[in-house]
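This report concerns only the one structure given below.
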Amino acid sequence: MMKFETYGDYAARTRASFDRQAAMRSMGIRIDDLAPGELWLSMPFNEGFTQQHGFLHAGVITSAMDTAAGFAAYTLMPEEAGVLTVELKSSFLAPARGQRFNFHARVLKPGRTLIFTEAVATAIDGENPREIARMTATMMVVQGRAGVTG
Amino acid sequence: MMKFETYGDYAARTRASFDRQAAMRSMGIRIDDLAPGELWLSMPFNEGFTQQHGFLHAGVITSAMDTAAGFAAYTLMPEEAGVLTVELKSSFLAPARGQRFNFHARVLKPGRTLIFTEAVATAIDGENPREIARMTATMMVVQGRAGVTG
Amino acid sequence: MMKFETYGDYAARTRASFDRQAAMRSMGIRIDDLAPGELWLSMPFNEGFTQQHGFLHAGVITSAMDTAAGFAAYTLMPEEAGVLTVELKSSFLAPARGQRFNFHARVLKPGRTLIFTEAVATAIDGENPREIARMTATMMVVQGRAGVTG
Amino acid sequence: MMKFETYGDYAARTRASFDRQAAMRSMGIRIDDLAPGELWLSMPFNEGFTQQHGFLHAGVITSAMDTAAGFAAYTLMPEEAGVLTVELKSSFLAPARGQRFNFHARVLKPGRTLIFTEAVATAIDGENPREIARMTATMMVVQGRAGVTG
């Protein structure tokens, strides 16, 4: 396991920035836990964010994995920096069927400008957790906050 | 330009399936137009789906591009088939700043099992349209509707 | 760890198919080991496959990861099936500097039609192994061997 | 069409850097043409770079698309800069069957640090050109030449 360097009270800063994401609030997604270079989110099943067959929408799963990965990267950034998603790729391994969804992201490789990340989505269907999606994403460290897309 | 084959009233079928996507309704995304192998969606800026800097969330942009691409593929599918997103990759070219967002998807290559697609997201900021994101995605044709993730 | 089902002498079949890949021979890449759903390749540094700064070319690293992932998938396929790469995404975490390169691929999720895979490339530079690249790829199971792209 | 800014004799600089890619020479790939933000490569069929069914290896196609895209980006870079592939995603639309292969790359969006690119691979099989693969890739502008993976 990599040992990551952090700056100041990274945890409070990360939670505060997450709380400014209206999209996460609207989708009912919240932080379960965080650590240097890692973040855990969860979301109860939400009928308002399903696709045509009643499962959670692939874009919503991607939204949660993107946010998890972006803030996992953010935990390692200097105090004045912002985070931007350069690109992401999601693979959908199984139908998003379940009562609850967990999202775990981690930093694969930190850098001064770019941070490589990975995320996994798990559905809890009754007793059984099942991996339903995986993402890799490149995050950019933006000094100042101009031009940040999140 | 490729010439695509369709089945029955593909347009009505596509609109009906889109209307069953609660996620699109919640995000305020609607169909502007469609054609064989192509689909146009749009979305007014929505404060409820922003990230921490007030721009539209990258995951929401991806949700719209994914849906546009999925239904562009769906326009070419047999009547009893469903569509599943196998994987997608989005690149975020510019901040998602604007009053309105357009999403255009098209089929790059149809197939009996897999359909390759591409989508482009454009922000309308005042007078100026600006390309903000691009996606490529692989869609799967599912016979019957079991196991569809959308 | 997932437990995977195999068919007949999957190891001999995998090695025989690998031996028909002229590209691997030309690049000096060989199988180090294999197991159900997993494959290890290695390649000594080869000046003939460098980019403009003398490091191993990103496309060559991708070729090795693609082949590792394709044959990791192949170990789980029925005897008469062939394997096709639907799509792949590689991230390049660090410069490909080293005397030797290792490639490990594994199946994330097997399926009757599609198999999701992941691969990691490591450079051995003196004493130190260093992760230099990661890939996720979707592989297709093709019955008969027509239309196979590898 | 975007109008791109270039620096000094970008064409000579691009050709000179391409000529230092031993991998392109080994695979028999050469520059057909270039323009600001665009590059065309071609490759005759080469039995030494096939996969197990005798078609061109997906990794070799990716190598050519990656190089085309990297140098398309490079045409827009300042004189002292180098180019690095951050990540790439390739989709394989059809089997790589043909006597000759063309690769066209273009810059989607230039930037001071990151340049977004796209590439298309076409096989010439008898009379018929056929699109066989597509790639999107993120390229990084590296000041000085340290740490370049290209």
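The chains carry the letters A, B, C and D, assigned in the order they are written, with residues numbered from 1 in each.
Keep this in mind: a residue touches a chain if its C-beta (ideal position, glycine included) is under 8 Å from a C-beta of that chain, and two chains touch if they have at least 3 such contacts.
Because the structure is predicted, anything quoted here is derived from the model rather than measured.
Colleague: What chain is the most remote from subunit B, judged by the mean position of CA atoms in each chain?
Modeller: C
Colleague: By the contact definition above, name the pair with the higher C-beta contact count: B-D or A-D.
Modeller: B-D
Colleague: Taking all residue numbers used at the subunit A/subunit C interface, answer same if over half belong to both copies and different if under half do.
Modeller: same
Colleague: State, to the nearest whole Å, the distance from the C-alpha centre of subunit C to the C-alpha centre of subunit D.
Modeller: Roughly 22 Å, centre to centre.
Colleague: In whole angstrom, what separates the CA-based centres of subunit B and subunit D?
Modeller: 28
Colleague: Taking each chain's centre as the mean of its CA atoms, how far is subunit A from subunit D in angstrom?
Modeller: Here the centre of subunit D sits 32 Å away from the centre of subunit A.
Colleague: Two or more other chains in contact with one residue: find those residues in subunit B.
Modeller: 86-87, 89, 91, 94, 136, 138
Colleague: Considering the complex alone, what residue numbers of subunit B touch subunit A?
Modeller: 17-18, 20-23, 25-26, 47-53, 55, 57-60, 62-64, 66-67, 82, 84-92, 94-96, 132, 145, 147-150
Colleague: Contact residues on subunit B for subunit C in the complex?
Modeller: Subunit B residues touching subunit C: 86-87, 89, 113-114, 136, 138, 140.
Colleague: For subunit D, which residues are in contact with subunit B within the complex?
Modeller: Per the stated touch rule, the residues are 89, 91, 93-94, 108-109, 116, 118, 131, 134, 136, 138.
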